[in-house]
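Would you mind keeping the following structure in view while I ask a few things?
Order as written gives the chain letters A, B and C; numbering starts at 1 within each chain.
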Amino acid sequence: MSDKGLHTKGLTVRYGGLVANDSVTIDVDPGTVVGLIGPNGAGKTTFVDAVTGFTASAGEILLDGTRIDALPPHERRTAGLSRTWQSGELFGNLSVAENLLVAARAGGWRTLVRDIFVPRRKVSDDVVSRALEVVGLADVADTLARDLTLGQQKLVGVARALAGGAEVLLLDEPAAGLDSMESRAFAARVRSIADSGPGILLIDHDMSLVLGVCDVVTVLEFGKQIFTGTPAEARTDPTVVAAYLGAPVEASHA
Amino acid sequence: MPETPEPLLETVDLAAGYNGVPAIRGLSMSVGPGEVVALLGPNGAGKTTSLLAMVGLVPLLGGEVRVLGAPLGRRRPHQVARSGVLLVPDDRGIFYGLTVREHLRLAARRADPERERQVLDRFPVLRNLDSRRAGLMSGGEQQMLAIAKALLAGPKVLIIDEMSLGLAPKIVQEMLPAIRDLAKEDGIGLVLVEQHIELALSIADRGVILNHGRVVLTGAAGDLLRDRHLVEAAYFGAEQFADTEGTLAG
Amino acid sequence: MGTFLQFVVLGLGLGSIYIGLGTGLLLVHRATGIINFAQGAMAMWGAYVFAQLRVDGTLVFPIGSIEFARRPPIEVAALIGILTAFVLGLVVHYLVFRPVRHAPVLAQVVVSVAVMITIQALVVLRFGPNNIDVASILPEGSISVLGTDLPTREIIMAAIMVVLAAAVWAYLRFTRAGVATRAASENERAAVLMGFSPDRLAAVAQVVAVVLGTISVMLGSSLTGLNPDNYTLLVVPALAVLLVARMESIAVVVVAALLLGAFQSVIGLLVTKSWWPVWAQSGLDQVIPFAVVMVILFVQGKRLPSRGSLQTIRLPDVSIPKLKPVPAVILLVLGVAALSFTQGTWRFGVTTSIIVMLLALSYVVLTGYLGQISLAQGAFAGAAGFALSKMTSAWGVPFPLSLILSALVATALGMLVALPAFRIRGAQLAIITIAAALAIERFVFNNYTLSPPEGNPIADATLFGLNLGVREGRDLARISFSVMVLVIAAILVWVFIRVASGDTGRTFLAVRANERAAASSGIDVRKTKLIGFAISAFIAGIAGCLIGFSRGQLSAESFTVFAGLQVLAVAYLGGITSVGGAIVAGVLGPLGIVYTLLRGVFDLGEYYALISGLGLIITAILNPVGIAGATREQVAWVRRRLSRSGPPPSTVPDAPAPKEPSRV
């Protein structure tokens, strides 16, 4: 483990009396893919929300060795922590390219002045086209985001998360809605993104995707971290099998 | 496939979805008095959409839903509920700001202490929580409340979406058989959506497995339990399944 | 001490009205999720019917009336008033609020503002603009407490309203329908699944709310007389009370309402004392409740609860504008032509339309692009106008500088009003902004130390020796003034298009679409809102200055809250998401081209407010993209038809693929 990448120590989230994340400690080193799995309601998305600043949490969150747990969400993003959303959450009225531009170019008072006096051209932006190529969606750059299928929207979400430059990517069910072919292609993309530098935390229900692409897998159940290890260990670990897959019949086929 | 004589709820070649795009297609299934049907399938297969379509909360794009022999037609969702088809949605459909008492009050159109006693006998925990707000109860208690209030309304068909969501397996293992017994006693048709296949099939009479919005397998629950390979293939798609087959067999 | 107690008790009269309106607001919000800005106006109608029956025995309907030979007895009149309220509640529910029950918050706010404008206009038309006396249902008298004579009427009134509010509380607590209303307000789908029709529950709530408000206004107006403006705007303090009660607790509504009434009454006493600073004599009764609500919102820190409903319709579409030289030149030529070929009132009408277009543009920036609802644009304009008066007549600041500095005053005010937008949004932000607007109107514009009653003169503008004044001799609208307005408007539109099509516009649309996703893309949502309010207030401020120049002097009546709402109405009517919409709004706007036409040609000037209110209701229900948006859609449709031989349109499905509700 290095200082680089994302590290949480004892991350805890409480909703009223419910402990949604109970002291979760995860390390996402640069260039690695970490899988976060668990049954519905285990607290996976809560963990992503807490790390990215959308839910209050206790415990430490470090990005490249610096505490970021006091920062608001947009500052965590500019610090290099990038996420996608389960339901896409694109800006529907903007084209795909513009969605990415939002992430690539910050607004602000200076931007406002520049917009009025020396406007920048918007298309032909390297960052945008490169990010779109990574997810294989270069041909829909000018389509309105809301006209895409859900699967495409999620991929655009991944591209948007990449567009501003990211040290660590948190992908919340990016492959739900993809068919098995697309899901495989997506796995290859996730791998190549990680190989190009960033660390990736991947949440997904598609076990073959998660177990196939991840270097490390962490399993949550009822907010508790019940397992961390390699996919091979996860496949045979009885607690994982019981927690994630329930009873024996299910275990045998997932 | 055993066919029940008078189905309480029946879908015929049903297609339904949002914004004119079908999420489910060609769904034909039925549930009769005292019968338990498990609707299974992976995330995103269209299970919840199917249930919502049955009670009129998702527009039909084709086929029809028949309730007690009559087509759903243009009936509004609250009218469907009044005709005895009750859905317990996956958010449990309870009201955090209301007490248990208030929930029970809402459930029964006319106060019926006898019925209430019967139902509460099934879920005795609720007796002690009479004036507790639902928002302060545990997940298991909330789920019991959700089902108790549905039963109190005197359903002819009870549809439960992902009862096990967020519940410890032990609770689910206790609750499902209790609900099944009640359905059998009262002649209620029961439709269950479950992620816990084993448990669901162990109490169901029949199973219907959806994938990508279509029915990929139906059969008697016992047959499905025995013939795991069929279920597995239907559930995961044969190719994907091949990746991990055997490795997780416990 | 005795006088103090007397004033406290006198304030209970006002407090009783707040109970009536506030409880009704709470009930309607619970049942529909809608915050009904028309609550005061709706409550006023029945009271007017009652009062008019007692004045001369005429039963007034929106159209037509019945004259009774003798004035009906007071009980009968009151009953008719309440019956009217009952019918009004049903009509408004089924014709107006029910169709927008799943619409975006913006459409709901606009619809209720439209109902408010419509009823207020109708009251002015049917009952006249002046104060009318209202017979008292309750006996007058006084009781002596601790040696002080206290009026009994206010005490009885408060007691009646407390009892009625308690009845509403009991309804929500103990009846099956009431419990279902609470249930549906938390989870509408679950209530439907239990066999309840939220619609029916909402109709009941709406009727109860209007009847309750009407009773309170019937009782309360016997103390003050009825007046279309004041009673319509009583909804603002009642909304403040609603926020204090976190939209949940009727008990808190009752207590806060009585406290506020008593407090405002006592303030009225205190400002007459010699030690009270002269500059703070007016409007404090409005400023302090506003400040209290602001403080409460910030201290609570949490979002106020909002009703969970089945929102299905998206916001009106926005597209990123492009600067197209040809249409721009055509528009400019048209503008110059319209100004050159007209004169007098007509040219003044055209000029006013251009100014109103700018006000509408300020809504396009803030509401259309950034998705924030502000009802304070009129106050921003007014603040700049008054600053302009000070700068030109008191300090002698030269022309272009005076304009810009005054607009910057509005900008500063806009950024101040943006602060609550960090915490709240939607209808609650609308409440805060209308309360701010009312506070500014009463505390600043109506403040004689800041704004002398004889008016605030504004010196004519001159630039390089060129007289840009609006009047000279008998010419009421000089062409050089009008051209200056056109040029300034053109510059601002050009700036707007640059901003909207640039990086800033994109961040606005991102924030509008989804604040969470915007923040997760690195956008500072708060700063973006601040910028949006600043730009919007600047444009409104310039418009306010131009209004000032066009009048030569300003008074408090120049920038009332109603004038601001009127502009919101036409801005939405025209289309709140585009420059084209702003232009349509300008043409339709108060004192603009259409108004001049209605007045000059058809002699229907007095119906203007009513027509714009009704037009807005219909637009918001049927066509949330406004006139300009609808035109654009039709043009696009025609184009598609014409270009059928060309390449087929994209086959990408129109909507995202459905999925089962996501969960953690």
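Note that a residue touches a chain if its C-beta (ideal position, glycine included) is under 8 Å from a C-beta of that chain, and two chains touch if they have at least 3 such contacts.
What you see is a predicted model; the values in this text were computed from it and never measured.
Contacts between chains leave no pair untouched here, as each chain touches all the others.
Counting C-beta pairs in contact, the chain pair with the highest total is A-C. We define each chain's centre as the mean of its Cα atoms; on that basis chain A and chain C are separated by 42 Å. Between the Cα centres of chain A and chain B there is a gap of 32 Å. In whole angstrom, the spacing between the mean C-alpha positions of chain B and chain C is 47.
Within chain B, the positions touching two or more other chains are listed as 43-44, 165. Residue positions of chain A with contacts to 2 or more other chains are 40-41, 176-177. Looking at chain C, one finds that residues 653-655, 657-659, 663 touch two or more other chains. Those residues of chain C that touch chain A in the complex are listed here as 314, 317-320, 495, 498-499, 501-507, 509-510, 512-514, 516-525, 527-528, 531, 535, 650, 652-659, 662-664.
Of all residues in chain A, those touching chain B in their complex are 16-17, 39-41, 176-177, 179-180, 183, 205-208, 211-212, 222, 235-236, 238, 241, 245-254. Remark: chain A residues 20, 40-46, 52-54, 72-74, 77-78, 82-83, 85-94, 98, 101-103, 105-109, 111-112, 114-116, 119-120, 122, 140, 143, 146-151, 153, 160-161, 164, 173, 176-177 touch chain C in the complex.
Of all residues in chain B, only 17-21, 23, 43-44, 46-49, 55, 57, 76-79, 81-82, 86-91, 93-98, 102, 105-107, 109, 149, 153, 165 touch chain C in the complex they form. Of all the residues in chain C, the ones that touch chain B in their complex are 176, 179-180, 182-183, 186-187, 189-198, 653-655, 657-661, 663.
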